[in-house]
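Below are two complexes that have chain A in common, paired first with chain B and then with chain C.
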Partner chain A sequence: MANIAAKRIKREFKEVMKSEEVAGGDIKLELVNDCWTELQGEISGPPDTPYEGGTFLLEIKVPETYPFNPPKIRFMTKIWHPNVSSATGAICLDILKDQWAAALTLRTVLLSIQALLSAAEPNDPQDAVVAKQYKENHELFEMTAKHWTNIYAGGPTCICEFNQKVQRIQDMGIDEHQARVALSTYDWELERATEQLFC
Partner chain B sequence: MDPNKIKNASEGIAPMGITTLNETVLSNQPESRYECPVCLNWLRDPVITTCGHKFCKSCITSWLQNSGHCPIDNINLSMKVDIFPDNYTKREIQEQRMSCPFAAKGCAVKVTPLDLDTHIAVCEFNQPEASSQSKIRVPCSFQAVGCKETFDSQEDMNAHLHNDIQNHMSFLMNAYSKIQIDSDISNASIDAKEQEAMCLWEAPDKNGEQSTSAPLSNTSALIRALYERVVVLEQRNREQDIVIANMSKQLSAFAVAKMKQNNDMLLRYCMGNYIWKIDNFKTRLDAMLKDHFKMLYSPGFYTSPNGYRFCVRLNISPQNPHCFALHVHLMKTEYDHCLEWPFNGRITFAMINQYDPDMTQRDTMMSNSSLIAFKRPTAEICVRGFGYTEYAVVSDVIRNGFVKDDMLIIRVNIRYV
Partner chain C sequence: MADYYHELGWRELGDGEQPNHLLHMARFLIDYGLYEVTFAEQWPRLPPAASIEAVENLKEIIIEDDSENNCPICLKKFCINEKAKEMPCQHLFHEKCIITWLYKTNSCPFCRYELPTDDKVYETFKIEKKRAAKRRENIETLHNSMFS
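Entry: the complex of A and B
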């Protein structure tokens, strides 16, 4: 790994550890390997959002050309958000792409991702299905996002109706997550979700 | 490693993963006005942009190769027109003096921040830390045979393995000859052991255990001990075979005795109610027809456990060879002197018809106290019997369903009155 990238990550790591966000439990950063190319981030769901109370893990890969190129970051925790792929966890955020600036750091990037959870950009979606629901049936979107937060990120709001529907499809022999994706996609209409799964 | 940990803790950094951090890099943290936002290090050949941000010359050059904007405020920048050397800042940084991070270990050197990394790399007080890392030096793979070299890296060791083949060969040779001497010594000690092992034959149990638990230093002694053990076990096996054979003999004898006892019990406790099953009837009848003096006697049975003992006699009637004669005879018992004589009671015969119970032939007689047959017997079986000289016609018995499965059944009931 290029000297500048390793040196900078070391300094950034220290900066994050000292930051008040870490002290307040908003974000966390951990090393995955010894050569500073891979880290694991953790952000807490912002208050007054469906993600409140959840803890989301992020995979951070630092390229050799860092900081001249952005780090590669994706959600490891499954999340229902217009700008995050519900399948792969890929994030659609300008600063991780063309708007990357060398002065940005892992700390500022993690905070930006956290901000993205508070303010989605449905007009620049990563997951078109989620974005459509966000715009057309916002109440259901919030419920679904809360449900996903509850199931995958340890969020506090348990939506029994959704759990029961997932269980019913599971009883037909479908994998739990697959069932949840189908139901979330078809606005929790059992018939349409089932139809799609078995067609 | 340890000094790093302590320092991290005092700086309030979570300890996870950070122990691998090069502490000297962190200790050299610049003030923000001297820090390059790209490499986060001291500004080296600082430049200033038209938007008022300072960078290392090389950092901003690299950045602007791919982007046309300031890394901080995204304002358009051109390498040619918007970047100026910041000699003021450069001079200020060069006037800074920093103590070597190994000052605590005795390094008195003070250098500019920019030269600090270079100095650290060559600082003589950097050595002890390197030697403290010697714990993780790789030992030579021929360590077991005596090579004492250790290495910082696998490559160094590979070079050593390649260059010192000669030495390693002689290490191996020494080790090999040592092993051979060891095994010779233990071979020599076998003869002494042999003597000791021979006494296995005398007392197999005790020494058998010893031979397995004793530490055997070489293979041939082990094989010898195992062979002896096998012989001992074979011997024991044979002995046990004999014991088993004896026991099974005893067991079958017991079984016969038990059966006999059962029959005796049955006869003693039948309360004068005896069922006489004559099997192989055809053969026995043929024998009787051939020789009219042949008679069938039943076992003796008791009217009560310590009462009178009778047996039944079936034979061809001496007066009429077409008829059976059927009599009861008193038999001697050990308690005859306690009984009242002559016997007084009722005797009932029933020849069972095994196909039609209604056809069963029943006859009842009362004893006659004037007859010798009911007096206290003087022989094992009283010579005089009591019953019918012409009880049943032989051909009727055979034809009319009294014999089934080659068996005739006569029930006798003798009751003392």
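Entry: the complex of A and C
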């Protein structure tokens, strides 16, 4: 790994460890390998959002050309959000693309991703299905996001009706996550979700 | 008037050059609001490198006091008597650090202050963006004067 990238990540790592956010349990950063090219981030779901109480893991890959190019970051924890792919965890955030600046750090990036959970941009979606639900059926979107937070991120709110529907489809021999995706996509209408799974 | 045309990126036709009717048509459509000017709203990727001249003209500074300041690119603290480059926005960087960045894109990594570029398409885009903002402002003024 290029010298400047490794040196900078080391300095950033120290900075993050000293930060208030780490002390407050808002964000976390851990090393994955010894050559400082891969890290694991963790953010807590912001209060007053469907993600509240959840813990979300992020995969962080630092390119050779860092900080002249942005780090590559994706959600490892599955999440229902208009700007995150529910399938791959890819994030649509301007500072990770054309608005990247070399003065941004892993700390500011993690905080921006956390802010994205509080303020989605449904008009610049990464996941079109989620964005459509966000705009057209917001209440259901919030319930779905809460349910995903409960199942995948350890969130506190169990939505029993959704769990039962997932179980119904699982009983037909479908994988749990696949069942959840189909139901979430088809606004939790059991019939339409089943139809789609068996067509 | 010459400045006005220059600002819009217009110039006189050269010998034997035909007017670009498509360009005129495009400007007409945009000016009359018949075409949505999304292209004038955003540049879809990182803007191009700063112009060679702008990079060469960056001010050189000798760090005098032992402050807490560090170079925002490598995050290393500046030492006394160390050389640094100053952007027009007064942000300081190591020469190697800022030149590597400006070679990639034209703005201050700290505050996004933009240096000029050598990229004609991008410079035209910037002018169009300014025009679009000006147009919106004019329409708003007109609207306010009619309805207030």
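Here, the second predicted complex is superposed on the first by the 199 of 199 C-alpha atoms of A that agree within 3 Å, B and C clash if a C-alpha of one lies under 4 Å from a C-alpha of the other, contacts with A are read in each partner's own complex, and residues count from 1 in each chain.
Simple rule for what comes next: a residue touches a chain if its C-beta (ideal position, glycine included) is under 8 Å from a C-beta of that chain, and two chains touch if they have at least 3 such contacts.
Just so you know, these numbers come straight off a predicted model, no measurement behind them.
Visitor: Aligned on chain A, chain B and chain C: do they clash or fit?
Guide: Pair status: clash.
Visitor: Which partner reaches more residues of chain A, chain B or chain C?
Guide: B
Visitor: Which partner chains sit in contact with A:Met172 here, chain B, chain C, both or neither? Use first/second/both/neither.
Guide: neither
Visitor: Which partner does A:Met17 contact after superposing on A: first (chain B), second (chain C), both, neither?
Guide: A:Met17 contacts chain B only, not chain C.
Visitor: Applying the touch criterion given at the start, work out whether A:Ala101 contacts chain B, chain C, both or neither, answering first, second, both or neither.
Guide: So A:Ala101 meets both chain B and chain C here.
Visitor: Answer with first, second, both or neither: which of chain B and chain C does A:Leu31 touch in the superposed model?
Guide: After superposing on A, A:Leu31 lies in contact with chain B but is clear of chain C.
Visitor: Intersection of chain A residues contacting chain B with those contacting chain C?
Guide: Overlap of chain B and chain C footprints on chain A: residues 4, 7-8, 11-12, 15, 67-68, 101-105.
Visitor: Inside the complex, what are the residues of chain B that reach chain A?
Guide: 11-14, 16-18, 20-22, 25-26, 29, 37-41, 59, 62-63, 65-67, 69-72, 74
Visitor: For chain A, which residues are in contact with chain B within the complex?
Guide: Touch list, chain A to chain B: 4, 7-8, 10-15, 17-18, 22, 30-31, 34, 67-69, 99, 101-105.
Visitor: Please give the residue numbers of chain C that touch chain A in the complex, ascending.
Guide: Interface residues on the chain C side: 43-46, 72-76, 97, 100-101, 104, 107-110, 112.
Visitor: What residues on chain A touch chain C, complex-wise?
Guide: Residues of chain A touching chain C: 4, 7-8, 11-12, 15, 67-68, 97-98, 100-105.
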